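Working notes, structure below.
Going by the order they are written in, the chains are A, B and C; count residues from 1 in each one.
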Amino acid sequence: MAEITASTPHVALPDQPPPASEVGVVGWLRRNLFSSIPNTVLTLFALYLLYVIVPPLLNWAIFSANWQSGTSVKDCVWDGACWTMIRARFGILMYGFYPAEARWRVDVTFVLQFAAIAGLLIEGVPFKKYWAIFLFFIYPFVAFWLLYGGLGLPVIETASWGGLMLNLVLATTGIVLSLPLGILLALGRRSKLPIIRLLSVAFIEFVRGVPLITVLFMASVVFPLFMPEGVNFNKLLRVVIGIILFSAAYIAENVRGGLQAIPKGQYEGAMALGLNYWKMNGLVVLPQALRIAIPSIVNSFIGLFMDTTLVIIVGQIELLGMAQSSARDPNWLGTINTALAFVSMVFFIFCFSMSRYSQYLERKLYTGHKR
Amino acid sequence: MSAVGEVRTVARQSLWRNEFARGVIIQAAVAIALLALTVFLVHNTAVNLAKRGIASGFHFLENVAGFQPTFSLVPFDLATSTNGRVFLLGLVNTLVVSAIGIVFATLLGFIVGIARLSHNYLIRKLAAVYVDVIRNIPLLAQIIFWYFGVLSTLPNVRQSLNFLGFFFLNQRGLFMPAPIFEAGFWIIPAALVVGIIAAIVVYGWARRRQMLTGQQFPALSVGFALIVGLPVLADLGAGSPVTWSLPELKGFNFQGGMSVLPEFVALLLALSIYTAAFIAEIVRSGVQAVSHGQTEAARALGLRPTLTTRLVILPQALRVIVPPLTSQYLNLTKNSSLGVIIAYPDLVSVFAGTVQNQTGQAVECVAITMAVYLVISLLISAFMNWYNKHIALVER
Amino acid sequence: MAQAAPAMQITDEVMVKLEGVNKWYGQFHVLKNINLTVKKGERIVICGPSGSGKSTLIRCINRLEEHQKGRILVENIELSHDLKNIEQVRREVGMVFQHFNLFPHLTVMENLTLAPIWVRKMPKAEAEKVAMKYLERVRIPEQAGKYPGQLSGGQQQRVAIARSLCMNPKVMLFDEPTSALDPEMIKEVLEVMIELARSGMTMLCVTHEMGFARTVANRVIFMDRGEIIEENEPEEFFKNPRSDRTKLFLSQILHH
């Protein structure tokens, strides 16, 4: 057919809105909740569950709860949670038996720590190298001086340390000091030297195969036997060493994952430039591997933070232990659920925010990294 | 000629000074350091033990323990049972709570994991809340909650919660009917075995028939009916050779029936619910790892959703799910040691705890306990390696 | 290869009919008032810029996507929420995907016989005979025992085509079948598709391979922003595009 060779501009069809049953609240409800009979049944079941759980929970925790201050469980006149107990024991729950006038030292310690970690991990903050050097090499001494004492500050024995402060001290000391050891173990596991490799693998598999409790038992009961005569190890220090050894094995596996993600070409490029083993790892491989491993290291930290509750079993009264013993105090009998609710919330807030952060990191890292 | 000879000598000298020799020297140094450290520690330990008058070696296992654990599935007698028997008791308690915990956690975990992928918004969000909350509260707190928080609110024996007239829940535990096996009972397990064999035979027959004629047969449903139905029929046919000893309240306690320790129940609940949250995530990411194109191709071929799931999605998802799943099983087993906080008599509690306290032989007790967990962990790793090799996707 | 499409048997029987089909993703109007009739034996190529809705269009035909307004009929079966209809349609319509979507845990033979055994309820021996017949037709009978991971991209796509053919479909849909292939493998897949067209199969093909359109298609449809802008015989379409948008598109892809 003879056609006009000049092309004609096309008049586009206008966009139209979708039919009403498809969009808006009605459409969303139809698709997501009531699209079929089984689906409707599920929705009803879910609504029933919500009805059974949420109102009683809110009632217990907020509306019928005791928010007033007081000195014993008799002051908790309402039916719900006895937050009065938390208010009364708050200092002990947070700081253990640390003397009240010295608590500022604990506060300063942790403010410094969060600032250092934030400086290290948040984008856009400059001088990351200095934050890292501060965090790993200077801060530990500063923190120890602040918390323990000496050199002008009165000494406060570790037996007085307790509560949430103890969880934080154990977890951060654990991670910070187990990182170098974990990195060495991860490198050792990939070493060409058979004895080094064997020792690294043996350590990692051994530690990962046993429960943390047994490591803590070993630290508190067996370590003293290992010491030469007369040497008496601080009880908390033994526990910290146990935690460091335990955490190092898990960090080693996280770092190993990061190392495995580095393409062989990076090693070859570094070697071609003449870098020896330590320079290659320190300047080229590890910086990249650690960046990749950060999300899983944060996950290990979350796990370690929750595991610090186990030190109750070897006699260190951290937050959960403090809360439990508060609920057993004759003044506060019967407040165990309140105590547990408080502890759970504290842990939940910490751990949930950290895990959200780690997911955010993971997303950021993998969009930039070709897999 | 001499130039080549010179090059050769130089090469041999550099080799001697570099890679190989250095490696040997480093390893020798490490080995010697480790040896020295071991000698040092062993020496100190021997001295310290001698000073405290504590024996060494494993003879203590033959000594009488002198205490009675609260829960025992093996015969235990206060007067004569040895430390070795305590070890056995602890081991059995650990394995039992772990095994049942693994079953419950897997069931609950798979249900919640699939719920996380549901089309229903509410179910999806509820499952997500469950996973996010449970995973971020320490397991120890959850155990304490179930034991002190929940079980302690249970009524005393006289006012037990009553389920169906046969199950009684109170502070002392869960009391339920105990079966009494009379003569002729053997027919029920026999029927079960027959049912299993029959189910397998029917399945095989149905598959062959499908290969030959293309016709399908509900082999799975029929097999299930056989496994459950035959023992029931046998029970009825033989005039119910199982009677039940029902728990009855007499005075201050229940007579008859059997009871389950509240510590066991609390630990089991906490372990199952906690581990199920992790398993749910594993199941969810396993199913999501199967690319959507697989479902589309199966649908485009006309396969119904159930068949698509069974033949295409599930085999691929399981490959991704099983390795981390076995890791969680190992974690659950290790976490059973936390029962010590509520005095559940597991291996750590009675052996690395009480026995170690009483005999003072810390090194032996802790070492044996660790060795047990190591063996369990190695077994699970070996299984995982075998499984991975066995079902790996074939690629070029 | 650029011969005019031989006059193949195009009957009057209508295989696929789209009437006033509209689809929305949320508020986004992705298919606007699509009207299309496909007769038996036709080979239709759908082209257009990305985002024009061409993949969405053919995915609506086997209900991998749902349309919200209008009617779609395949062999007079209307596509709606009725599950039985959907299953019937999927048995008669075959689809080949851009990323092959072979089942990696099954061998080539098992990939091909899965649907015939479980959907058409064929005995295994018969299904395997049919499978071998199609494997020979796509020229890789020796790969029957291999796994998809062991094959090249071109081989995998040919297996995917054979897999759809084993169900004896009346209509074949192709969603950019060569876009994910390395250049040296495109030819082997196109040859299979040309042979399929010459044997009389009704085909709807979303593709950028204009050489294929010239060789085998009896109609080329151009889509942009959810509408069908233009359709014509291949030669006329390429020589005398009517709309300025078609002209623009052709100038962008026909640069050799």
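Just so it is clear, a contact is a pair of C-beta atoms (placed from the backbone, for glycine too) under 8 Å apart; a residue touches a chain by one contact, two chains touch by 3 or more.
What you see is a predicted model, and the numbers here were worked out from it, not measured in a lab.
Chain contacts here are complete: no pair of chains fails to touch. The greater number of contacting C-beta pairs, out of the two interfaces B-C and A-B, is seen for A-B. Averaged C-alpha coordinates give centres for subunit A and subunit C that are 51 Å from one another.
Between the CA-based centres of subunit B and subunit C the separation comes to 50 Å, rounded to the whole angstrom. Centres computed as Cα averages put subunit A at a distance of 25 Å from subunit B. Residues 23, 26-27, 30-31, 34, 41, 44-45, 47-49, 51, 118-123, 126, 132-133, 135-141, 144-145, 148-149, 152, 330, 334-335, 337-338, 340-341, 348, 352-353, 356, 362-363, 366, 369-370, 373-374, 376-378, 381 of subunit B touch subunit A in their complex. Listing the residues of subunit A that touch subunit B in their complex gives 32-33, 35, 39, 42-43, 46-47, 49-50, 192-196, 199, 205-206, 208-214, 217-218, 221-222, 224-229, 302, 306-307, 309-310, 312-313, 320, 324, 327, 336-337, 340, 343-344, 347-348, 351-352, 355. Subunit A meets subunit C in the complex at residues 3-5, 7-10, 12-13, 15-19, 22-23. Contact residues of subunit C toward subunit B in the complex are 62, 64, 87, 90-91, 93-95, 97, 99, 101-105, 114-115, 117-127, 147, 149-151, 160, 163-164, 167. Against subunit A, in their complex, subunit C makes its touches with residues 22, 24, 26-27, 29, 32-33, 68-69, 224-227, 229, 236, 240-247.
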